[in-house]
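Take a look at these structures.
Look at the two complexes coming up: chain A is in both, with chain B in one and chain C in the other.
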Partner chain A sequence: MTEERKSVAAAAGIDPRLLEILVCPLTKTVLRYDAERNELVSLAARLAYPIRDGIPIMLPEEARRLEDDAA
Partner chain B sequence: MRATLFTRRPRAHIGAVTHPPQIFDRALLRRRLARAARAPCDFLAHRVAEDFVYRLSGISRPFANALDYGSPHPAAAQALAAPGRKILRAAPSLHAESADLVIDEEFSPFAPEKFDLVFSALSLQWVNDLPGVFAQLRRSLAPDGLLLAAMVGGQSFVELRHCLTQAQEEFEGGASPRVFPFVDLRDLGGLLQRAGFALPVADCDAVVVRYDNLFALLRDLRGMGATNILAAGARRPLSRRVLLRAAELYQQNFSDPDGRIRASVEILWLSGWAPHESQQKPLRPGSAQIPLSSALGDKSKI
Partner chain C sequence: MTSEVADAHDRAIQDQFTRQATGFARAQELHADDVVALVVEAARPQPGDRAIDLACGPGSVACALAKRARHVTGLDATAAMLEKARDLAAREGLANVDWRAGDIYRTPFADNCFDVVTCRFAFHHLETPAAAFAEMVRIAAPGARIVLCDAFASDDPQKAAALNAMDRIRDPSTVGYWTLPYLRGLFEASGLGAPLVQRFDVSYLATDFVAKSFPLNDDRAGLLAIIEASVDGDTMDSGAHWTPEGVRFSFRSAALSAVKPG
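Presenting the complex of A and B:
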């Protein structure tokens, strides 16, 4: 991906077509896009997968664990 | 006493099924691949990419929605780019080139039936649970979708394994696992079939690579992120004298007349289709209309 494409993707957050085909890698359930934190949230796994430079990082080890009151 | 024995046994069994043995340290692999991306060694990736194009050229399908599943190098995705074809590149590390997203191949993040082609170049040899990965890939394929993958096979780097083991035994009185176990070609077809793939095919491409010496070979392995990631492997690097002895053994046993050493690499190719009613199937037993004897001729009278 070129730098230009990267910055466009980062501005848009995530490609909606990409969001449509992604599920949580651990629970295979739907993901919710959190535009404010720029994360993909799996309520079932209680994990939030980060999006860096427009690239979703679908690694459980890189995900943020959700606190009980959040989400 | 007997009761405890009975309650224990099934529990051990369930554990074995849900947690396949962790042979590879996947987080360590991601760090190795990130390091490799800085000074990549990519001749194998390019060879495999050419083969992908060749193998797909025989299939008259557009494959409009393709997924690159975990290939460390973008060569295959670049080679398969075509007008009207969308390729999503799911890379195995944060630093892989031209990634659309980053995945751990053991935990597929893709919804069912989204792709008509899934390909993977030189990545699946590092997976702990290959049957589990095949099952996940099969689900992400639309009916009549194709899985095509190349992985490093069991007959690879046998010379290196031999020399390192012998050198370690000479100096340290034993060997630690250094070169990891690979999948055997004979097992692949069965694994694909068990995962629900139709028309599974596996074949192999034997490559011999020549190097000046063992150190040049090790430098290339590092450039592919392919140095030791065994979970049970020794993390301590090999001592200098063991490496020098291994290099000497390699030169003595596996070199050409011009002094360059040979390294065998076996690339396993596998393909399978997500089932669809249009695909050829064997007839049901007993459904034949013509007796076998009419084809073979009746030999009973001779």
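Presenting the complex of A and C:
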């Protein structure tokens, strides 16, 4: 994880060490934290997982499907 | 631990819980704490460990682990449960625990990343427990302790079917309790070897059990009648018997644990 990504995650109250082990439940690939939307983005699955009240909702059925231009 | 020592340990735990179950007949919360303590003891969390409790519900096991481990994650499919879990962590002043909504079959974690993996009272809700257990093993690091705790059904198929039929009326989300040999087999089939098995009984007065339930069609009287009818011949293999207060019966339960090979 880059230092930049860590600081962004920490600022949002997401423990950066835990983002290291958190992966997309479908593809098991790393997630990118989108601070603006407060989502965890899986480019591989084309899904954005919401963070509600500080709890990442890592359920594909609850995730937002990425549009082609939103990745 | 040799099997002889393990057996003696099993008996000690069983004796302990049987005595406590008697003492705590009217205090189910205390009883629930005993089960949490047993799961934590089986998990042997170390100060540097990263632990996870799967299907964590309101967070009691995760919070208990957090008092002994470096960090704990609780995973549950139900966000409302995780809010309760977070409240519990806040009440207990725990800063080293966090929560993820997720599916036990498809957890959002990398391979080999936890030193302790626990799951309590969830496998009877699962259609394909072997897949969930494989996921527990996948996210466990080499050398990690894996603890699976649940009630189990009789080896007698008829008695198992009777217990499961009763429990599906009590809670329609119950799939069925698995037998102890089946649960052991999950460990053996995953290359973990024979697990250490700590047995205990979760004992209920049938009237208390029924009062706390949300049975099918709200038929509490029907549920109570089923439990009372099981006394003759112990048809659910639950040790059901009459006492002056009514029928008392138990969910035979076990915490199975093993170390993932390095």
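By definition in this document, the second predicted complex is superposed on the first by the 59 of 71 C-alpha atoms of A that agree within 3 Å, B and C clash if a C-alpha of one lies under 4 Å from a C-alpha of the other, contacts with A are read in each partner's own complex, and residues count from 1 in each chain.
Operating definition for what follows: a contact is a pair of C-beta atoms (placed from the backbone, for glycine too) under 8 Å apart; a residue touches a chain by one contact, two chains touch by 3 or more.
From a predicted model like this one, the values you see are computed outputs, not experimental measurements.
In the superposition on chain A, A:A45 makes contact with neither chain B nor chain C. Contact with both chain B and chain C is seen for A:P25 once the two complexes are overlaid on the shared chain.
Using the contact criterion defined above for the overlaid structures, shared-chain residue A:P56 touches chain B and also reaches chain C. Touched by chain B in one complex and by chain C in the other are residues 18, 21-26, 28, 52, 55-60 of chain A. Interface of chain A with chain C (complex): residues 15, 17-18, 21-26, 28, 49, 52-60, 62. Residues of chain A that touch chain B in their complex: 1, 18, 20-26, 28, 52, 55-61. Contacts from chain B toward chain A in the complex involve residues 27, 30, 88, 90, 94, 98-104, 107-111, 114.
Listing the residues of chain C that touch chain A in their complex gives 50, 71, 73, 77, 79, 82-83, 86, 98-103, 106-111, 113.
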